[in-house]
């Protein structure tokens, strides 16, 4: 019987990495990133990667680890943000960067998984994003044609998953993970909790197991917070909780 | 007297209507949430995949799985829902969000917006801004009237790479409020001024051509 | 404060119907159809409808009611199936019919809700479905361009919904309902159980409330079964249950 | 001796592999589910929005919210999942289903398939068939070798409206099994015959040109 469960990230990556490959990695900022698989890819030493991910982690965490190790040749992202090394490598010409509007990036990945080679969107018309791309009018509005994105390998992070690869995400850690799971020629999922089939509500599965080739329970989750913002408890509430 | 950041946010909040679904950008637009009238139901969308964004968590209660598009920790409300990035931008691109309030670096008199990069200097990326200005039904930009150098930010044409062409409906600066007929030919019109700010001062600090509302 | 809850189907339909309008109706066969809203539309007498729905109900139930009452001018569907009146009206030229492959229909509706005016698919290339449409090669394969679908009104059926319009569907009664909820200029949802906000799991909402303009709890649900298929209990199991 | 419907289904089941996700059409293809080897994990997809289709329910336990694409009441399994029609056909169109087994009215020697309408007579509609043959990685057609009238169904070119062009990989009839090189130029090859059925009989009942496997 086919077996999808692997003992750890290193085992799950066995045989699927090669230099020059295209990698999709789920997450938005540091939220919902497959941190165990990223660490194992760093340790594997694979090089020349094209990485499709909304962001590229931060210095010292998430995909930032692969940037630091010089394993990434090109990023396809919507946001560099506060990642200094990313910005610096790009500005110095050491890293190729293809900026995509976030929604276009998400839809290109969905299209890749859904067998749709191209679609039209209003996003980016009249900007550098549309340069060199076909534009076209529908009902008096101008749209740009965007192509699908797929990858040799997709790595995603879910909250819970079962041994058949059915996945459930938690809160805003869902983000790009469900689409990426559909767009990898091979898809690996890491989960915080691996369950037996039947433990997940069948009406509530975000990624059906068909999309997941291998699954593992992550050894540890740091789940680092990028921008901790809080508010003080107000007096009334503080009293209540005493 | 120029408006403060909070006063600009309060003015932007006047664009809200009961029942609106709204996306607020980073910076001053975030402050708009503090000015939603008590009798009004306004639901905030966060483009990383949430509808019904609540306030920041109490100290010690932050959840790393719950952040907004600015990557700040936030909370949920009773009617919140979560969804994927593809579903979030389907919502945005499909015109289901009534209003987007976001920051700007430059706005042209035709409604072009630049707010995502300064070539060779700042490479943050556009994130969801291009999708928001292309998809949301009404786009309001809140920004300082001039740069720190004093250079105007309301221009005949933007010099920075565009976020969108003919996308801005209203600009709120610290000096006044401008309406833009982005779908027509009427151009830009000054419709309000901050207290004690003269038309002459605004004209001096604005490169864009604008009319003055009667 | 904005109020989405209506007392019944008739009240929810007030002011949104007009002759010659385009109507989307969720459901697959008789599974997951908005039966209360369909009955109320029949009773309203609105005419000249273009109806977008995978099927058209059966004689005497579901959208079959509108067919019988002569309220439909045109169907956009993937399957006539066992609906005799549908077949007969079409063959006699009294009903226009635009056949769409089921997946193309689903994707056209999703595109309509997602602001994508057109997309490419391999489905239907070389068949009557592609006649008169643009075809195009991507990476050596031929695709046909399909346009988005929207409607003046979408009516959907969910299992549970809250007063803000958040919806959850049950089992295969989900089908076309989630996409249609996004593609109506006005969307009405009927549910078996209307709850207060907070009663639904926020990670498990299939249709966020933003898509639902009006919601009602259906008065009655017949939930007719089109093809009842069962198996006998085997001896061993029969014994167990004694 | 021609194969029975059940024998045809058993032959089709030989195309299954461990771990396959499979879509079965209405009619004989449905019977394939009864022939899945016990040691094999095969997951059945139903294009109306389900993965992991179980058997028919016991009497009195049918659930109107749980049907297959043939609108028959079914059951779920421990690893089942439900999804929308758009997500279901994204799965199909995106090439995630390994095998589709479906019925046919006509198949051409190049792999064209007709199975959805007879002009002026039968107007059932294509349902999901066009999406399945365009999107699924391997397409197997199971059908009688000839029509009730005796007219051949394996043709040089289909005369009925097509479901798909060059989409069929394998045809299983009551008389034999044919491989089709739909992506290349090798055409159709007879690779198996039902017991006691002669090549001559098959040739007499087949209009399509076919080779005979060595």
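A few comments on the model shown:
A, B, C and D label the chains in the order they appear, each numbered from 1.
Following the convention adopted for this analysis, a residue touches a chain if its C-beta (ideal position, glycine included) is under 8 Å from a C-beta of that chain, and two chains touch if they have at least 3 such contacts.
Values in this document were obtained by computation on a predicted structure and should not be read as measured data.
Steps from chain B to chain D, taking the shortest chain of touch contacts, total 2.
The interface holding more C-beta pairs in contact, when C-D is weighed against B-C, is C-D.
Annotation: 27 Å between the Cα-based centres of chain A and chain B. The geometric centre of chain A is 32 Å away from that of chain C, both derived from CA atoms. With centres taken as mean Cα positions, chain C sits 36 Å from chain B. Listed for chain B are residues 76, 82-83, 89-90, 92-93, 135, each touching two or more other chains. Counting partner chains per residue, chain A shows two or more touched chains at residues 107, 110, 114-116, 121-122, 169-171, 174, 202-203. Looking at which chains touch one another, you get A-B, A-C, A-D, B-C, C-D. Note for the complex: chain A touches chain D at residues 1-2, 110, 112-116, 162, 164, 166, 182, 196-198, 202-203, 205, 208-211.
Contacts from chain D toward chain C in the complex involve residues 46-50, 55-68, 70-74, 76, 82-86, 88-90, 92-93, 112, 120, 123-131, 134-135, 161-166. Every residue of chain C that touches chain D in the complex is listed here, in rising order: 28-32, 54, 77-81, 87, 90-91, 97, 99, 101-107, 109-110, 121-129, 159, 169-179, 206, 223-233, 237. Those residues of chain D lying in contact with chain A across their complex are 18-19, 21, 39-41, 43, 45, 51, 76-83, 89-97, 135.
Chain C makes touch with chain A in their complex at residues 107, 111, 114-122, 138-139, 141, 143, 147, 168-171, 174, 201-204.
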